[in-house]
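Consider the two complexes below, in which chain A is the common component and chain B and chain C are the respective partners.
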Partner chain A sequence: MSGQYHRSHKWAWFFERPGYVRFMVREFTGFFVGGYLVVLLVTLSKLAGGGEAAFAEWLASVSGPWWLVAHLVALVASVWHTVTWFAVVPQAMPIYLGENRLPAPVAAIVMGYGPWLTVTAVILWWVLR
Partner chain B sequence: MDAKDTMTLEIFRYHPETDSEPRFQPYEVPYNEDWVVLDAINWIKDHVDGSLTHRWSCRMGVCGSCGMMVNGEPKLTCAAFLKDYYPFGIKVEPLVNFAVERDLVVDMDGFMDKLQEVKPYIIRDDVNDTSEGEYRQSPAQLAQYKQYSMCINCMLCYAACPVAGHEDEFLGPAALALGHRYNKDSRDQGQAERLDVMLAGEAIWGCTFVGECTVVCPKHVDPAGAIQQAKAMAAQEFFKGFVMPKGTGA
Partner chain C sequence: MSADGRGPATGGRAAGRSDEALWWALFSAGGVMAALFVPAFVIVTGFLLPAGDPAVAAERTAQFAAAVGWWPVKLALLGVLALSLVHCGHRIRHTMMDLGMRRYSGLLKVPCYGGALAGTIWAAMLLWVI
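And now, the complex of A and B:
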């Protein structure tokens, strides 16, 4: 239809609302999760196939202070990604008990924090036993 | 509070027959603590400038007509109180992500088309005779979709959604939430028809779960949640298609 006015979109749309910024931060932390997984996979491959010397060499090469900083950043980013994801999971996967929907914080514990802590505890037990 | 207090409303003006670009026009309006932004706009139209064009009807958050951007936030202007902005000014614009017809009025045609696409009504393969009575539903079955049935089509969610503003194929929060509402209704048998529409291209997959549609929804519909559930339902149906022959009703 002629005569309508079309407003243009800003390329930096993600600064227009605080919610957009939070969304972009959550998405961005995915890069750190992915990066850490690459390091972890390489570590596992060295452990599995390269022999003890190759594994020790790899460990030495990722033990410098910058690697420590990188791991700390990846840890913070992963925790942020996980916590913000658990916060929205109850929206995507509601749990109903009859006609009552489980409150979001309880659903987040049932589907997120509970299994997370359980798996972490099992791994810790297995490593430390 | 001084009875002579005033507030300034800066209002987006655009008349297609005379304007090539929109402009903001300031208006001084009386400040009343119990006024909402819509009252102030109506006062301007009645007392200052009859050419100001806007949509409104019920004044009580039911009709969904008076959605506008109030200081950059999608709001029902019948529920946005002046006292929450006083003594600062208020900037009023038409909902973003829509073409502007005139002043504060946006073109709803695209939204209405998308709404129709998801077939937001009960579809039955077998229709009972009225003498057989109503299709009965338990409170637990009602709870599955009731929240999503509260949508008033105010389109605030489209104004808050960055994808709706950039991807034409995306059906958008309200239409998808209403499609999901009927898919979750135990009386309905039209899920396959709707999922065919919802699965096409970016119709539903355009949603990246930004979640701002849910934040601005005045009726607490949670379109973002409905869309993610609909995605999961669509994925289940997709994989079921590999193991279940068509027409088994599974």
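And now, the complex of A and C:
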């Protein structure tokens, strides 16, 4: 149908090289971040739906040990997404100052880690103040 | 994102009449949003709100509700959620393709992008009510 040729391979092809495994680990963050976003939507639905008591009840159930483990996994996966994303940004969107290309680590800080830490600090400050 | 191996032409169709470029642009924008916001969101809803002490949890819940109830935050949150959902849908679709489902690349759009769209509509409805 497509007229394109795809070499057939085992589904577990990515175990062949460490670089492929790293690639797959990065890709799998999509499942965990997506799963967390669904939980976030459920959290918002509890806030929208049943008032303070229902929301407190939801928070009490989410404070169980398995939920904590799940959130820990989601946190690790989302931070890994962030780190790998900012590693690629300077390659995809190089910044030039005149003739000189901004070094990748500087670009990652300016376009990635700086805004990330700022956003994270503001959100955490708002909830904790 | 050339290191990604996901140029606009990887959708299994000729690049000229492919919609892959659109999904890839949304994937890219969503990747930025997820990178900037999701770790903080996880810390807040996964660890800070379900604090053991009910009084502390109530205090943080009030702060959370006040923020989510402010319309500029609602708009921003809807944008972040929509783009992040499309990002995850695209990444999951391509991961499934990489794991041997490439022949179903078209069919996979239904759950992946359809799910992202459904999540976005749900988020919009929830934020409208909150």
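Keep this in mind: the second predicted complex is superposed on the first by the 118 of 129 C-alpha atoms of A that agree within 3 Å, B and C clash if a C-alpha of one lies under 4 Å from a C-alpha of the other, contacts with A are read in each partner's own complex, and residues count from 1 in each chain.
Operating definition for what follows: contacts are C-beta pairs under 8 Å (C-beta built on N, C-alpha and C of every residue); 3 or more make two chains touch, one makes a residue touch a chain.
Not measured: the values here are computed from a predicted model.
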Touched partner set for A:124, first chain B, second chain C, both or neither: second
Which of chain B and chain C A:21 touches, first, second, both or neither: neither
Partner chain in contact with A:88 - chain B first, chain C second, else both or neither: both
Partner chain(s) touched by A:69 [first = chain B, second = chain C, both, neither]: neither
Touching partner for A:106 - first (chain B), second (chain C), both, neither: neither
Partner chain in contact with A:54 - chain B first, chain C second, else both or neither: neither
Larger contact residue set on chain A - chain B or chain C: C
Chain B and chain C footprints on chain A, overlapping residues: 2, 4, 6, 9, 14, 27, 88, 91-92
List of chain B residues in touch with chain A within their complex: 14, 16-17, 19, 21-22, 72, 96, 99-101, 107, 138-140, 142-144, 160, 162, 165-166, 208-212, 214-215, 222, 224-225, 228-229, 232
Residues of chain A touching chain B in the complex: 1-7, 9, 13-14, 16-17, 19-20, 23, 27, 88, 91-94, 96, 98-101
Residues of chain C touching chain A in the complex: 1-4, 12-13, 28, 31-32, 34-52, 54, 57-58, 60-61, 63-65, 67-68, 81, 84-85, 87-92, 94-95, 98-100, 102, 119, 122-123, 126-127, 129-130
Contact footprint of chain C on chain A as seen in their complex: 2, 4, 6, 9, 11, 14, 24, 27-31, 33-34, 36-41, 43-45, 47-48, 52, 55-56, 59-60, 62-63, 67-68, 70-72, 74-75, 78-79, 81-82, 85-86, 88-89, 91-92, 112, 115-116, 119-120, 123-124, 126-129
